[in-house]
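Letters A, B and C name the chains as they come in the text, with residue numbers starting at 1 for each one.
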Amino acid sequence: MWEKLVNVDRRVIYGVVFLSLSIPLIWPIGFEVAVGPETKQLYDMVNNLPEGSAVIVSMDTSPGGYGELSSGAVALLNHLASRNIRVIGMGFFDTGPSLLETAFGASDFRDKEYGVDYVNLGYLAGGETAMARVARDIVGSFPRDYRGNEVSELPVMEGITSCQDIEMIISISSGTPGVPEWIRQVGDPLGIPIATVIVAVNVPNMTPYLQAGQIIGMIPSMKGAAGYESLMGTAGLGTRGMDAQSIAHLTILALVIIGNLVYLGTKDSKTSKGGAR
Amino acid sequence: MHYCPGIGGISAVEAPQTFSGLAILNYVARLTARFDVPLIVTIRQPEVFPMAEETVRQAYLEEGRSDAYDPSNIRFLSSQQFAYAAAVFGIMSREKPAANLMFGAFWAEALMLAEVGAEVGAMQITGTAQLSQVPFFVASSDYTLIGEELFAAAAYLSGDSNQIGSIVGQDMAKLIVVFLIVVGVVTRSFGSTFFEELLSK
Amino acid sequence: MRQELPMILAFIVGILMIVSFFFTSETLGEAARTVENWGVIVAAFALGLASINLIQIHAEKITRGKGLDWLYSGALLFSMIGMAVLGIAKGPTHPTYQFWFDALFVPGQATVYAMTGFFIASAAYRAFRIRNLDSAILLVSAAILMLANVPVGEKIWSQFPAMGEWLMNVPNLAGQRGMLIGAGIGGIASGIRVLLGIERTYLGGSGS
């Protein structure tokens, strides 16, 4: 029996994980999600922004990461829309601006006026070098926006020349360039608050910056999105996804336990047969 | 053998990892030239492709095996992360390398590449300074270089005394940082913020 | 001069950027800003070079006609050139461009990224074994964090979230800070090696 478990086809494991993810999505369980302190900090920060002020939302993710970040991004955009905050969108990943269009379309900004309440400035090549340029001159870096309009003529850009005119920078990030680059080029030199919607795998990396105050708030993956949605009084994809994530985590733990039992079982049978250790 | 010098470029913060990956590639290519082992190198960043080509070609030349050098084995696959990963899945599934070496900057595809390598039964040695990917490599590879072990390995394998010397210099810098941390902790524990303010200036 | 000229350029530009960071000077600041602008332009051209490189490689595969590779190369070139022409002619916000991006590209990338979940399950089954004390600590920490990060963990035992937070804020933070500092010092050393011409891997060859 142990040999069968040792040599179990990987597709069986994939099938079990697939079922553990999909069944709770079809039949939700309704687990309550606790709100993390870093998510509450970000929520309070957005709540305290003066109406009509401007924030930068930087889509620093590929389409792969966007699947995990979309719920948090949309929840945050909904909050910004409800507070009448001007959103200046940009991307340092080549696919960022397209994903930003998708995010705007899925949020309450679809009912707002483009060019007045929000703008998608597009993609700027160069990674951290490009961020350094944006830090000192936003309009010079993006003479035309993603839709081809003259940026200097857009009402949403009134009074904004550099990052010093921005209240906060929110990086929707799954890789590099991302939060550390924003901290190095804008957060630390100019003192602009940085917040992030981040993939789960990068959350441990962000903890030093969070504790040092270099990030003022964070929506960590889907769990943070569910927490943010509960603060907003809504139940979106983040909340629904946490049921599936709960069952999937339990499933993987069960697989780990079975794997260890298999290991002990085969180790014992090798010992009893006088096999090599 | 399959080798990947990371999927980072040479112009951003992950550039040192890419350089280390290429330095180790030189050493590996010399061994594969010496022992007549086919070496497939897969590349994601276009600017790294000519560097990898030149590195392998130079290694084969230094071993006197320029006849064995096959430029079609240095393959630029795609600049898109997951398209690159999917292409590597295909190569590893078809070629079934006995060894899979990955040294450099990796992101989300790290675990996938290592798992596919494990699936085809390759011996895997990996190394990265991307903190988020280290756990995945540790879980799925036979041996892993963590963080600056990657830089140290590249310097050691290059045999260049300047590079090895810079590793010693890094260790000394780390000692200085440790000293500063201890001084900071002690002064702060006694309520003094002088040291903290001095470093914040 | 083939090797010397790039090294001299790298030295001059590197020193300029470092000095302008630490000293305030109108001339230095202006020069650094110019170099930053050049960096953005060069990066944009590198994207174009990548496309040309891709076209060259896959066009060669099509002309060679080996096995079925040429079919995949043809599909790649067709979709790449098609999307580029559509984006340039109609703009990237055109509904057709946005449709193909949302219907093909995003789901394709998201699907491959989502495979990580399945791979971690099979890696966990295969590799998370209690062989010694280190692996036992790894396994227990991973289990606690997995339960702390989902609502069902708190239902099983109310202390899981607090334990998870302690693990993240104490041992994880200590390790992350140590590795960050080490990687940062490694990056500085690598930068100094490039500036001084000791590191020449970027020029190709063995780097020595």
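The working rule: contacts are C-beta pairs under 8 Å (C-beta built on N, C-alpha and C of every residue); 3 or more make two chains touch, one makes a residue touch a chain.
Computed from a predicted model, the values in this text were never measured in an experiment.
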Taking each chain's C-alpha mean as its centre, the one farthest from subunit B: A
Chain ID, smallest distance between chain and overall C-alpha centroids: C
A-B or B-C, whichever has more C-beta pairs in contact: B-C
Distance between the centres, which are taken as Cα means, of subunit C and subunit A, whole angstrom: 16
Between subunit B and subunit A, distance of the C-alpha-averaged centres to the nearest whole Å: 27
Computed distance of Cα centres, subunit C from subunit B, in Å: 13
Of all residues in subunit B, the ones touching two or more other chains: 11, 13, 80-82, 108, 131
Multi-partner residues of subunit C (each touching 2 or more other chains): 39, 43, 46, 108-109, 112-113, 120, 122, 124, 126, 128, 176, 180
Touching two or more other chains - residues of subunit A: 10, 62, 64-65, 127, 129, 204-205
Subunit A residues touching subunit B - in the complex, by the definition given at the top: 10, 62, 64-65, 127-129, 174-177, 180-181, 201-202, 204-205
Residue numbers on subunit A that touch subunit C, as the complex places them: 8, 10, 13-14, 16-18, 21, 31-34, 62-68, 94-95, 97-99, 101-102, 124-127, 129-130, 132-133, 136, 141, 146-148, 200, 203-205, 207-208, 211, 223, 242, 245-253, 255-256, 258-260, 263
Contacting residues of subunit B [partner subunit A, same complex]: 8, 11-14, 80-82, 107-108, 119, 131-133
Sites on subunit C touched by subunit B in the complex: 39, 43, 46, 49-50, 53-54, 57, 108-109, 112-113, 115-116, 119-120, 122-124, 126-128, 138, 176, 179-183, 185-194, 198-199, 201-208
Interfacial residue positions of subunit B with respect to subunit C in the complex: 10-11, 13, 15-16, 19-20, 22-23, 26, 46-47, 49-51, 53-55, 58-59, 62, 76, 78-82, 85-86, 108, 111-112, 114-115, 118, 129, 131, 134, 136, 138-140, 146-148, 151, 158-160, 162-163, 166-167, 169-170, 173-174, 177
